[in-house]
Each structure stands twice: as structure tokens, then as C-alpha cells.
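Look for chain A in each of the two complexes below; its partner is chain B in the first and chain C in the second.
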Partner chain A sequence: MSESDLQPLDGNAAAGLLGEMFWRDMTTATGICAGCGSEGPFAEARLFASAMGSVLRCPHCDNVLLRAARTPRGVWLDMQGFRSLTFTPTPDAN
Partner chain B sequence: MTEAQPVAGVPRRLLWSRAEVVSLRDDTPRVRSLTLAVADWPGHLAGQHVDVRLTAEDGYQAQRSYSIASPPEAPLLELTVETISDGEVSPYLTGELRPGDIFELRGPIGGYFVWSERQPGPLVLIGGGSGVVPLMAMLRHRAIAGPTQPALLVYSSRNWDEIIYRDELERLAAADPSLRIVHTLTRAQPQGWQGFRRRVDKAMLEELGVPALASPNLFICGPTPMVETAAQASVELGIDAARIKTERFGPSGG
Partner chain C sequence: MTEPPISRGFRSRKPQTEQRDRVPPGQYLTTDFPVLSAGPTPSISVDNWSFALQLGGSLLAKWNWTEFQALPQTDLKTDIHCVTKWSKLDTQWRGVSFDTLLEAAGLSEAPTEYTMLHCDGGYTTNVPVADLKDGMGMVATQYDGLPLAPSHGGPARMLVPHLYFWKSAKWVRRLRFIEKDEAGFWESLGYHIYGDPWREQRYTGD
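And then the complex of A and B:
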């Protein structure tokens, strides 16, 4: 496969795909990892993306936080690697 | 529903729009900026990106993300794209597109890696290669808004000819005593080069006075190893991790 365009490799880059489903920006959310309990911004998680789908991993313990794939039936999403997600308004988004 | 607003976090359906190429500019031998007219563009914040989607005649689609280079105040959208020779999208964007051509994009996307002049505190931008693009949107926004806080850009390039926006950065710094721009050239340096010649590291940030800044906002964008090193160094220098925002890129997976 030749898909070596430079691409973002963290949670910032999942904003488009998740925006399709949630109609809001997910990257500013704070998540707690179900694997190690560490807390951090969604945008700072590590992204492994391909044409098939995306996997988001915890930067601390490598736990799979989120998996997303496009299937013939629609977009499939597994977020069980997050214990929780907190959404706080940013100064620019009241 | 509220009306569409250019702010992150406000519910807004992310739809594909038609972007028309207005003009092209070569920044370096491998980097080209595209100025685009986008139908119904809702506005953006400095640091956000767009998704670009190309569709072949047989229906095959390829999608990539590109940072926005233009400030929120600009009437037209600018993307700055580095050509990756075996990439699926960038060679088309930088090599094939002509003024008047149309392609699909959606955005603005991402509310995390964004900065506004209204955000209090000095601004520290650390960029590597084309990681400077979203940082340039911030500097252009800052210049238009009227700087109220000091800013520092530490910009790592392989060599002098690969510095993106080199002349414009020089003009911005010349016009604004509160803006400092520091280049480091990691592979080759021009004759008589007095500046840094290594990757961004802790000693460099220390020498540039980053630890002495009161409550700075740090934005770090570039290849993953550079981002990790700079972010780790900043934390070790006592910068509050909550004020360090990062965006990593590299070759996309196969």
C-alpha cells in the first residue's frame, strides 16, 4: 500500500470521523483510560489510522481506547477503552 | 439548533464542501500553498484543520487531513501542503491542481490545537517541517489582531531552502518587536550560519528563556519524535502540562 502522505497521528486527527457521528468536537474532551486509569485530553491519545478504520490508544499504557471502522452497514464504533469522557466548554466555545 | 458558528464545540454538522482553487504559491521545492474559495465556509480558529477527499473516476476515494494556514480573518482559505512523492493525495494537490479546479473538503475540524489572541499568556510555538503550518495561522492571526503578549517561534527545518514561509516570517518579526523567531537547521546550514543546528531539545528551550515565561501557552506540531522530545523537555522545564498542546504527524499507515 502506498499511503505515505504525512498525516496527523494523534487524537486531533480523529475529529473529522467522530464529528460525522457526534456533531461536536470530541478532541477537547478529557478521557479516563479503562486500562490504567490515567486521565488526559482526547487529542493527545495516539492514533493508528488506515483506509479501513482508526484505532486510538492510551499514550501511557497502550490500551485500545477507541476503534472505528467504516462497514457496509455504516460506521462502527467501539469506545469501551474509555472509562469515561468529560466535556467542558472551552473559552472559545461557550 | 443554533445557527452555524465558527467556534469549536458548537453543534454543527460536518459536511463536504466544494473548494475552488484561486491561486497557487510555491513555498519551497516540496511545499505548495493553495488559496481556496470554499462555498459556505463557516469560519475557523487558528490551528484547526480540514479533511480533503479526492474521488477517482472509478469511485475510489482517498482522504487526508491538512492544517489551515490562513488566519480566521482571511477571506479565502489557505492550505500548505508538503509533497510526499508516493502519497495518494499530496502529489495531486501540489502537482496537478490549477486555478479554477474544484475538489472536496470539510471543516474546520478540531477544537483542541487552537489559539486565539484573547487567550492570556505568552505564546510559544515549536514546529518541525510542515508542522509550522497551523502555527503560521496563529502568527498571522496574532499579527492581524494586534499582539498583546510576547511570542516565540522555534522552527526546525532540515536546511535553509526547506524553511516554509521564510520571507513572511522575517517580515512578521521585523514588524513586531514582541515576536521572536528562531530557526534551527538540522541537516545542512548556509555558510556562516550562527544559529542552532540540532533538533529541538531541553537545552535549546532553556537557552531561549522558555522556563522564565509566566504561564505560557505552548503549541508543538511536527513529526512524532520531535513533538515527544519538545513536550517532555517543556514539562521538565516546569511548564504546566495542561498548557502544552501537541499535534503529531508522520507517514500515514498502510
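And then the complex of A and C:
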């Protein structure tokens, strides 16, 4: 590993990597719950939608996986209830 | 048959004006009691219920259901205002006031200036002590003369009626005193840190 590998880059450099993940239908991802560690398809989680916002909960432990709210200043998103999300390659992805 | 020409209209005008004065900007009146929740309605038996006061991570006091019901109870008739724009007038509650809880815990005053309320289901909301003391906040266990229904937060919910109703946390189980104000569940997702309906503090930046 060269010294230049340890130097942080500007956040803009993540655009390509993030573009590989966030362009697609997110509900096709597989997630790991940060609460109980169970793994499963995003689409199997339980969504509680209300006028204030939407809350996605783990189907096994009810941990809050994702929260989203639409306000006049933008859409707010918190995904810290996921330990990780996995996006499997699709045929049209390079 | 003759009808009184004006009495019906004149009778109703004054109450309508008084009601309008009690409805914050941007709100409409409802006679229903809409249910808004960020998760499933928990089924909580009073046999397994308790309510605690904490300072940071330390326990200050804890009551089971029987002990809680034995504390001096307060009746409150008040208006409530949801950030989703409905307001409801003259709601009737019974519960234990924040002041009574402090006294029962042997505290002459609150140990910090801010609180975080913790609920079953992982919900949290922050409320300053100044908005709880002097009769401003209570833990309510009855609504309209009946035990609080689970869908409305039963067996016990917070009641801080002068702030938007998301601060009146359902299924409340712990009141934690904190040194500095922190954002709770909705406050960390674009909703206002304080939530005064009369200043229309719905969202961050309002």
C-alpha cells in the first residue's frame, strides 16, 4: 500500500461507488438488522407509514431499520438500523 | 308557526369565535381522535408495566402500576394539537403530574434542564424541564374517564399539551434527565427540536 492510498479523497470521489447502489430499486437489496443481526430481503421488512414519516422495522425484532420524512426543506433519511445492505449484481449493471 | 328570526345564529357565533382563538395557525378542528404511530401498537399488561426516572444512566425512582396508581392523581382538561394539522379541544385526562413524580422521587427540583422520554417500541422525544414542571406535563393513564386505550398510548402516555402532540409520547416508560438538549425520534428527522404550535414550529428551521 502506497502512502497516497491512505490519503482521504474529496467526498465527490464516492459518486461512482454510490451511483452503483442508489440508482436501483432499493427494495431488492438484502439487509442485516443492527438490532438482532438477522438477514433478509429489504422487501420483507414492515413499513409503518404515517403523515409524519415512514418507519421500516425488522420483521424479527421490530428494530427501526430505516426512517424517512418529507419536510418542506427536503427528504430526511436515517438508515442506521441496518448493519449493512447488500446489492447483488444485476445483468444490466457493469 | 313563527320561528325566532335570529337566535340560532347569534347563539352559535360566540362559541365559534372562542374556538377559533384556541386553534393555532395552520390547524383545523376535529372531534375525532386520529391515531398516528411510528410502529405497531404494543400490548402491555399493567402487571409488567413500570415507569422510571433516570439521570443519565442512573435510576432515580421507579414505580410499578400499583405504586403509580397510588400516587396523587391530577385531572386536566386541555386542547391538543397534532403537527399533521388537527387540533382537538377540551380533551379530558387523568394521570400523575411531573411535579408529583419529582416529589415522590424525593427530588426538590429537577437535576437537569432537559429530558428525553423513552417508550416501548424505541420511540423517543425530548422535552425541556421548563415545559413539564408547574403542572405543564403529566404521565396520563386515563382519557375521557376511561383507561387509556393501547392505540392512544395505553397504559400510559406523556401529556405535554402546549407542544405539538408528538411530544406527548405514547407508551412512555422512562423519563431520563439529560444535561444538554438532544433530538428525539422525529426531531432528528426534520421535525422541530421544540415544537410550539402557536409559533408553528413544525420542522427544523421553522
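Following the convention adopted for this analysis, the second predicted complex is superposed on the first by the 66 of 94 C-alpha atoms of A that agree within 3 Å, B and C clash if a C-alpha of one lies under 4 Å from a C-alpha of the other, contacts with A are read in each partner's own complex, and residues count from 1 in each chain.
Here is the rule we go by: a contact is a pair of C-beta atoms (placed from the backbone, for glycine too) under 8 Å apart; a residue touches a chain by one contact, two chains touch by 3 or more.
Bear in mind that the values here come from a model prediction, so they are computed numbers and not experimental data.
Asks: Which holds for A:Ser50: it touches chain B only (first), chain C only (second), both, or neither?
Replies: The answer is both, since A:Ser50 touches chain B and chain C.
Asks: Tell me which partner A:Gly16 touches in the superposition: chain B (first), chain C (second), both or neither.
Replies: Touch status of A:Gly16: first partner only.
Asks: Is A:Pro41 touching the first partner chain B, the second partner chain C, both, or neither of them?
Replies: Only chain B; A:Pro41 stays clear of chain C.
Asks: Which partner chains sit in contact with A:Thr28 here, chain B, chain C, both or neither? Use first/second/both/neither.
Replies: first
Asks: Between chain B and chain C, pick out the one touching the greater number of residues of chain A.
Replies: Tallying touched residues of chain A, the top partner is B.
Asks: On chain A, what residues does chain B touch that chain C touches as well?
Replies: In the superposed arrangement, which is not itself an observed complex, chain A uses residues 48, 50-51 for both chain B and chain C.
Asks: Residue numbers of chain A touching chain B in their complex, please.
Replies: Touch list, chain A to chain B: 1-13, 15-16, 19-20, 23-25, 27-28, 41-44, 48-51, 89-94.
Asks: Along chain B, where are the residues that touch chain A in the complex?
Replies: For chain B paired with chain A, touching residues are 7-14, 45, 49, 51, 62, 64-65, 82, 84, 86-90, 106-107, 109-114, 116, 118-119, 130, 224, 245-254.
Asks: For chain C, which residues count as touching chain A in their complex?
Replies: Contact set of chain C toward chain A: 36-40, 83-84, 121-122, 166, 185-186, 188-191, 202-205.
Asks: Okay, in this complex, where on chain A does chain C touch?
Replies: Those residues of chain A that touch chain C are 46, 48, 50-53, 55, 57, 62-64, 67-69, 71-74, 76, 78.
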